[in-house]
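A short write-up of the structure that comes next.
Each chain carries a letter (A, B, C and D) given by its place in the written order, and its residues are counted from 1.
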Amino acid sequence: MLMATLALATLGLILGGGLGVAARKFAVTDENPLIKEIEALMPGSQCGQCGFPGCSAAASALVEGSAEVTCCPPGGVGLAEKLAALLGVTLDAGQMSAPLLARIDAAQCTGCTRCYRACPTDAIVGANGQIHSVLANACTGCGKCLAACPEDCIAMAVQQPTLDTWRWAKPQAA
Amino acid sequence: MEYLLFLIGTVLVNNVVLVRFLGLCPFMGVSSKLDPSIGMGVATTLVMTLGGISSWLLEHYVLLPLNIGFLRILAYIVVIAAMVQFIEMVIRKVSPPLYRALGIYLPLITTNCAVLGVPLISVREGHSLVQAGLFGFGSALGFTLIMVIFAGLRERLALANVPAAFSGPPIAFVTAGLLALAFMGFGGLI
Amino acid sequence: MFNLARIRGGIHPAGHKDRSAALPIGTLALPPRLYLPLRQHAGAEAMPLVKVGDRVLKGQLIASSPSEMSAPIHAPSSGTVVEIGPVLAPHPSGLMVNGIVLECDGEDRWIELEAPANPFDESPLLLAERVAQAGIVGMGGAIFPAAVKLKQGTRHEIKTVLVNGSECEPYLTCDDRIMRERAEAIVDGARLIQHILRAYRVVIGIEDNKPEALAAMRAASEPYGAIEVEAVPALYPMGSAKQLIQAVTGREVPAEARSTSVGALVHNVGTVYAIQQALRYGRPLISRVVSVAGSCVGNPRNLEVLIGTPAQALFDACGGFSQEPAGLLLGGPMMGVNLPSLQAPVIKGATGLLALARHELRDDQASPCIRCASCVDACPMGLLPLEMAARARVDDLDGANDYGLRDCILCGCCSYVCPSHIPLVQYFQYAMGQQDERRQGARKTDYIKQLTEARAERLAQEEVAKAAAKAAKAAAKARPTTAAAASEVES
Amino acid sequence: MSTMSVAFGPFAHDRSSVNRIMLHICLALAPATLFGLYLFGWPAINLWLLTCATALVTEALCLHWLGQPLKRLLDGSALLTGWLLALSLPPWAPWWIGVGGAAFAIGIGKQLYGGIGQNIFNPAMLARVALLIAFPLQMTTWAVPHALGSAAAPGFVESLAITFTGAPLADGMSGATALGNLKTELTLGHSAEEILAGNFSLIPALLGSTAGSLGETSELLLLLGGLWLLARRIIHWEIPLSLLLSVAVMASIAHQINPDRYPGGLYHLASGGLLLGALFIATDPVTSPVSRSGRLIFGIGCGVLVYVIRTWGSFPEAVAFAVLFMNALSPLIDRYCRPRAYGRTSSGKPLAIGRQTSQVKREG
């Protein structure tokens, strides 16, 4: 009995000590590089469409698992796929909502400049007293202009397909 | 030549997964993609070879002299667990992507029954030190071989229209069974 | 002399070229209206220079190119601009694109053309610029601005100019007829291109199933030593630049690189003819030869038509439909696309209009892949189409790339031979489109990131400026004399 | 025009189809099959019909359950699977061997994976191996050929008894295959040359009047069918050639070293199901690699395994095991053996630009 106890205890001591040394030698310093990596991927416009206050909050939420990888409409499917690969989850592309763009109804716009001051990406151009218009390639669809507009002349709409954005459909057959 | 035959016997004829049915958990868990399965195979090979040798040493220099053979399973588990811990640390340091890919299965090598079973079989068969090392190495090689073959098959299966009821693990188990059928052809070789 | 390298894969589809190749190129009565999409080329949309109601003359510039990667558009006939707005694009999507609608006045009056001096005395860059101003794009269907290619001569050493006369698509015979009827002009054009690119030699590659075209081109190039006419084996896709370069020079264009990296440049015979017309006579590209064929067409033949002519007019001129067509195509049956409507206009890259009967079309019922590897044998690029399609099917785009999607030229050989009738090319188109979308998305994300950062910086600066102004004000209030003194010093 | 019948290109097609391929293979099998049926008489005909019919019925049932178009039955792949299985069975096997085997082949080997083109293992060989392991006695009871119409051959009524009641074969009705005989005799200490001199001669072995599976005995007729398939480009030459060559080469080398223990290459080529396997089973496109180098590796692998298992393993016949094992490897082979793409090196890197331009090819 004593022999067995001693033997096991010695074994445990030796192995434990060895592991302790190894742990020091092969210590991994960086705590969670994932959050930074994800934040670098995000659009960074802090639009808040994901429901989190800004992109870095969303990145932390993603790493914790409290946000879906499809949460970022401006990033699109491309971002969702990258996130899914990084986080090791499977992506259900069907969940992705189509990105919306702001559109200004020229007939109602008074050129008050409030929307373009609210726009986080400078996607609205125009000057005081002139009709404003939205640059499609800079608009993230965050909707902040919508709230800022006193005339209610801004609407969010799915972008119309053009020859540049039209894509071949996936074949239906097996 | 003798050792070569011994090795072939352990890898193919008495394959640890398909003939002895050991180590099925990581075999099913990690074999869905090729790259992690190769990594898992390498890690397991390392653990099993070292495990085979160290448990032989433990057996012949500690357990038998002290006459405490009844502690065999306990002692083996302790040694293997320590070794897995060590390998985990090394992999984490050397190759973070592999570490991430292996995920939970790396610590699970500890509970991989093949890792414990192979030294126990080795003791039962009364292997010499070289044989014990070869047996561990060969078994792990057989494990890796099957993992890699199986990962290839599962990558193909992922593209197939398997009926919904069978897709995923069910068809993988069916395939493993059929693969075992094919391996029966090696019976009697050694 | 005989240095033909064997092309891998490829197929031998039935030609169906006899009927349309037998008749000379015909002309078409002036249509009442011409529909001119502003983008008939690869690159940016041209910008209209005319207003609704403007009267224009034939050959007059009506839309200019905003950048190098674009092409201007000229009025194909004289008349009045009646509309600037969406016109139907000859594109499988059936989308409308911005365009100009021209009502012909029937006079067909040319604008005064500058008769250029002997182009061989001019500098290559000037000649290339003239080609750009003539709005010439690749007329074999690639619609790549021709001048961009011609300017490569200043940057790369071009050893061989290849004139692509190996019209390998079934049914199409427009290049064949041009070579038979306008051989001198093509040889002249080829010499001009050689001059522009300072190339060592010119090879006109013609498939050996066009003996008349070969004979005509050989006769026309006889006086010029640097121009060779070579018969290349009749094989689809011999008309693809990469395959033609391999067949003629024996070299492969490295992946992800341009033909110029092996010292070669390929121009279609139609493009060469258009370049010759522009440089010799100052004529812009306002018309092209189109093959109208298929078993549903009464009298298949080639027609020289004005750009912007609706497809209906071409079919009418060829005797209308002998039976209800099961498929209407723009381009050849291998790489062509569905014509969305008979009202869609002919554009610069339209090689043919086909009206095919049911028996000429493939079976649309796909069954699962049996991995017979016919597609692997047929692929001229040495890829694994079955693996690419299987991965595209489950949206594994990286996997598809890994199996060669990046190198795919969409020639369709794989679909042609597939016993399971799998629409492989559409899978590839789909996967490529998805990747384009990802790239566009990533570009937009980067752009937005830049904008956000710029805005943040600007706001910060404004803040600093505001604070500074405030501080200055406060300081001025506190010590007006010093501030005044300071401002004095400053002024 | 909205009623476009084909939505996307290419619009032309060479008119090939899956059922044409399957039909060709069945036609190529026909001579050897007819000869086998003639040779082994009514019980073999019963077995062949039962196996093919079961394969078709199982396929139809599975298609129905899986909600797939029943039209797929017409592609001929199920018929071919049943046919190949029947050819690899002992000709006088009882009915349940054929029926159970065919149901296993189609149900588990093929439809469980999603049907045609999705299976990983060759269904016919899978069923054969499963039967061999589950019913070793029935699967190794070989009838001696009694040609249809000859005096000793069982009549139609007798044949029903053999097939359906499993009446034991009378003495003199059963014999051993050449491979099985060799294996047994070698363990008794006889030398290979003695054994072969005793009961093996090449010409009957090639013609097929020997004991063996239903369709594997007539090497010449199988070769004829295989060559026709090769000429029609239905199968590729790489697998049969490399498989047969590697068996022949290994057997010849071993024979040179120790003729007492190892019979020569021709013996191996002429016996067992090697030719049937090399020409019709290993070439199954679904379960073999797609690239040329991959097919060569596949063929060599099969050949080596056939020889190793035949010579040192516990089964005298090895084609089915070898094919199954290589089937399992073919996804890996496909992954690593790819044809060189245009403009790339064989490792997939783009060709170097500089090297290409320096090879100036002036004046061709």
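The definition used in the following text is that contacts are C-beta pairs under 8 Å (C-beta built on N, C-alpha and C of every residue); 3 or more make two chains touch, one makes a residue touch a chain.
As the structure is a prediction and not an experimental result, all values here were calculated from the model.
Chemist: May I ask which two chains are joined by the most contacting C-beta pairs?
Modeler: The largest set of C-beta contacts joins the chains C-D.
Chemist: Taking each chain's centre as the mean of its CA atoms, how far is chain A from chain D in angstrom?
Modeler: The mean C-alpha positions of chain A and chain D differ by 54 Å.
Chemist: Could you give the separation in Å between the centres of chain B and chain D, each centre being the mean of its C-alpha atoms?
Modeler: 33
Chemist: Go ahead and note the Å separation of the Cα centroids belonging to chain A and chain C.
Modeler: That pair's centroid distance is 37 Å.
Chemist: What's the distance between the Cα centroids of chain A and chain B, rounded to whole Å?
Modeler: About 40 Å separates the centre of chain A from that of chain B.
Chemist: Taking each residue of chain D in turn, which ones touch at least two of the other chains?
Modeler: 8, 114-115, 118
Chemist: In chain B, which residues are in touch with two or more of the other chains?
Modeler: If we look for residues of chain B contacting two or more partner chains, we find 161.
Chemist: What are the residues of chain A that contact at least two other chains?
Modeler: Expected reply: 168, 171, 174.
Chemist: For this entry, which pairs of chains touch?
Modeler: Pairs flagged as touching, ordered by label: A-B, A-C, B-C, B-D, C-D.
Chemist: Which stretch or stretches of chain C touch chain B in the complex?
Modeler: 368, 390-391, 393-394
Chemist: Give the list of chain D residues in touch with chain B in this complex.
Modeler: Residues 66, 108-109, 111-115, 118, 120-121, 126, 129-130, 133, 305, 308-309, 312-315, 318, 320-322, 324-325, 327-329, 331-332, 335 of chain D touch chain B in their complex.
Chemist: Which of the residues in chain B end up touching chain A in this complex?
Modeler: So the residues of chain B touching chain A come out as 62, 66-68, 70-71, 74-75, 78-79, 82, 85-86, 89-90, 92-93, 100, 103, 161.
Chemist: Would you tell me which residues of chain A are touching chain C in their complex?
Modeler: Chain A residues touching chain C: 43-46, 74-79, 81, 93, 120-123, 137-138, 140, 161-171, 173-174.
Chemist: Would you pull the chain C residues touching chain A in the complex into a rising list?
Modeler: 39, 89, 91, 93, 95, 97, 364-368, 392-393, 395, 422-423, 426-427, 429-430, 432-434, 436-442, 444-445, 447-449, 451-455
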